[in-house]
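Two complexes are shown next, each including chain A; its partner changes from chain B in the first to chain C in the second.
Entry: the complex of A and B
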């Protein structure tokens, strides 16, 4: 079933958690809500589940307006970040809860719960209590419990958040598999870019109660809509400069910027990714930025460099293979040049431009 | 030579035990010693005396009314304060603590001022022949007022620490408000609730100050156990006074034992949770399984196999 949020706003006192958010989740897709803490992603999930009533806007699930409906009439499955298992009930009763409150006969409950426990590979643990389970096992109980009521939409709040690193990576694949086998519309919240990109078909980047960009992982990475998205997606270096007369200039680096033909210079930011720039001993004319090598650390597989861009004093980070570093023959304190292959330019409030430089 | 730390330890332990003995154990022993000073027959006679039996009956009636009232009030307060955010919540929490802070005599006087012959509602009540002060309703009111924080504050603290997640999970899973309360909230808070009820009950049976002000000390009618003990004592019937007082001591000892047992249950559940947290296990994707399982949707599943690379 498709899920739609239309112009949803939600405030808690003076704090705006959701600011006119609109989003369409097509039926059967697996979507990640990605953003830093306080970006409104969990609130959006809770509004969809019906645990929060939006101040304005509508929630439509499967074509029906459910904005004013209580959670129990929405038929969604929700997995809480800390699982929220019922501590006084056995694993079996936890999974059975949604079926029992619906008044299903004992035989059906028994059958369905056993089926689900087998699916999440917890058969035989039905009579244990949540306190006797590990984190990963609790997560699976929470999942089975949410699935028991045959929801059309599965919502997961930081599903990997409370688990240790190894289990997290394994669970990503499990979630992907589950989504494909169950034909659900799934939405999960995460603050981890890697998780969102690896698991989701589509990623929604949120910040301060607004949606910054929606797109497939590779699209977001290649064409970030604005400075926040570029920054949040990580591993970027920032250069400060300005735009005027259809050109953007960042120290020695000048590129065309036809979007702004005005003469008054506007401050601008260029984002370049680690793997999309090259370090050289000498410049190549126009397309370079002079840098001073502030710090170099050989960590074994890579040499991590800290560079200070000469014109704007911003700090750049770059990793080289040790043999590349050897070949350049540079030392701390030397001046070198950065030649970007690709960079994104943002003027405050202006549209983003992606420029691919040179051959590629 | 003795280690200095050891000397300090022995000194402090002796001090604590001495203090405990002087102020708790000795009085406790004395109560029973005095109670039985005139022999077992006199002990039984003092308790079986009609005025004493009436005091016991009244105390039990007051407890039977007060404790359930406090339980309901405590649940309502704990639920609203622990689970919801609203304006004036801090003020409400402070107000709930008020009866603990105010001297019981003042609490009693408040009810005399409200419902006494000279009080605000006194004329209205007298015209309808309703007796509150110097009668059982006044005793119940005063006792309820003095004891109402006991269940409430136990539950407020516990429910605040628990948060709302379990209830929210129940709602999403399709439970209504009543079902959520009965199936999720109540089982979760039962030990805290019981603990609060035990405390409220002990305080109800033992309450003296507020009840003394509103009761009027009418023998065989408005005397509770503590008031009856005072009357006997003032009449120099020491053995009888201590005999009746020993009943309160027994209640206190039973309360302690019950609190201990309830507290032990709660601690054991916590310990189980901690043990489980240490005993970790990896997730479900790492277990290779070549079984073909039927999916909960009723459709046949693909083989659930994970290959280690």
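Entry: the complex of A and C
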């Protein structure tokens, strides 16, 4: 079932949690709502679930307008960050809750719950209480409980947020598997870029109650729509400079920027990713930025460098393989050159451009 | 010589292992002394006195019709009053925790009034309100309901003094309760009422029972507020604590002690019940 939010706004007092948000989730997709805390991603999820009523706008699930419908009539599976299991009920009864509320006969309840517990690999734990389970097991009970009512849409709020790293990775994979096997439309909230990129088909980047960009992970990574997205996706280095007369300049680096032909210089930023730049002892002509090596730390598999760009004083972080670092023969305090292969330029109130430089 | 010392050293160190936080010995010592002086020694003396009396005589005293009637009234009235409080206390706690309304903190403070007010004041106020010419009593008398100077008056007084117990035991549990559980229930298809009965209420039951037991124990021993409104008619509106005082005034120390021992035993049973409830719920659900 496809899910659609149309012009949804929600305020809490003076705080705007959602500001005219529109989003379409095609049936069968696995979508991540990604953003920093306070970006409105959880509120959007709660509005879709029916736990919050939007101030304006509509929610459409499977072609039906459900904006005014209470959560119990939406048939949407919901998984909470802190599981929200019923502590006074056994695991079996937790999973059975939705079925019992629907008045299903005991035999069917028994069958369905056992099938689900087996599916989430908790067979035999039906008579335990949630307090006796580990975090990962609790999360799987929460999943089984949400799936028991055979929802067409599964909503997960920071589903892996409270778990340790190893369990997280396992559960990510099982979410992917479950999404495919159960033919669901799934939406999950996360603030972890890596998690969103690894699990989701499509990622929605949110900030301050608005959607900044929607796209497949590789698309977001290569063509961030604005400085916020580029910054939030992480591992970027920032150079400060300016644009004028159709060119952008960042220290020794000059690239065409035809979007702004004006003569008054405008401040601009260039974003360079770690793996899209090269460190050299000597410059190769015009396409380089001079840097001073401020710090170098060999962590074993990699040497982590901190570089200060000479023209704009911004700090760049770069990782090299130890043998590369050896070969360069540089030391702390030396001057070297950064040669970017690709960079994104953002001008405040201007369009973004991605430029691929040199020969790849 | 040297070797002997070596051998002794670890043992001594082990026995005199120091607590990281200072003051453990002093704190424990003070607690035990304090509890002994105020609670344990007087209660032990009571049992010793009763034992000196001979259990046969205790039995004869507490099975006289007048004493039995007083016990019956005390236990029934305390039970009814705490049952009322279990229901309405839960309601008050729910309203205080879940709703925001003007003067909420004033209402919250009012709940403690029965604790703060001298019980005699409560007794006089209730008698004034519920007597035949009182503000409330004048509407009840035509309906044939007598409150003041009747067993019902005892129930009213005990309801008043027991009010804070359930409210104050349920309130923190309700405040700490994750509203996400109700949301989860709603998303699974439960109506508001079903979510409340199947998810919220089971969480509150241990607290309600604890509050009920506390109010019941308090009701059994309550004296000040009851003596005004009940009229203290033997066999009809005389409560057990009053009977103790009456016997003391008649210098019948043995009789007073006998009744007191029964009351004490009842209080102990209630305390055990409260602890049992708390222990069970903690063990089962991992919460208090």
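Assume the second predicted complex is superposed on the first by the 360 of 360 C-alpha atoms of A that agree within 3 Å, B and C clash if a C-alpha of one lies under 4 Å from a C-alpha of the other, contacts with A are read in each partner's own complex, and residues count from 1 in each chain.
Basically, a residue touches a chain if its C-beta (ideal position, glycine included) is under 8 Å from a C-beta of that chain, and two chains touch if they have at least 3 such contacts.
Since we're looking at a predicted model, the values are computed, not measured.
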For the three-chain model obtained by superposing on chain A, do chain B and chain C clash or fit? clash
Pick one for A:145: touches chain B only (first), chain C only (second), both, or neither. both
Chosen between chain B and chain C, the partner touching more chain A residues is B
Taking the superposition on A as described, I'd like to know which of chain B and chain C A:121 touches: first, second, both or neither. first
For A:78, using the defined touch cut-off, is the partner it touches chain B, chain C, both, or neither? Pick first, second, both or neither. both
Between chain B (first) and chain C (second), which does A:97 come into contact with in this model arrangement: first, second, both, or neither? both
Using the touch definition from the top, say if A:49 reaches chain B (first), chain C (second), both or neither. both
Both chain B and chain C touch chain A; at which residues? 49-51, 70-72, 74, 76-78, 80, 82, 84-89, 97-98, 101-102, 129, 131-132, 145-146, 148-149
Which stretch or stretches of chain A touch chain B in the complex? 49-51, 70-72, 74, 76-78, 80, 82, 84-89, 97-98, 101-102, 112, 115-116, 118-121, 129, 131-137, 139-140, 145-150, 163-164, 166-167, 170-171, 173-174, 177, 181-183
Where on chain C does chain A make contact in their complex? 178, 180-181, 183-191, 194, 198-199, 202-203, 284-287
Where on chain B does chain A make contact in their complex? 165-166, 168-176, 179, 183-184, 187-188, 269, 272-273, 276-277, 279-287, 289, 293-297, 301-302, 304, 306
For chain A, which residues count as touching chain C in their complex? 49-51, 70-72, 74-78, 80, 82, 84-89, 97-98, 101-102, 129, 131-132, 145-146, 148-149
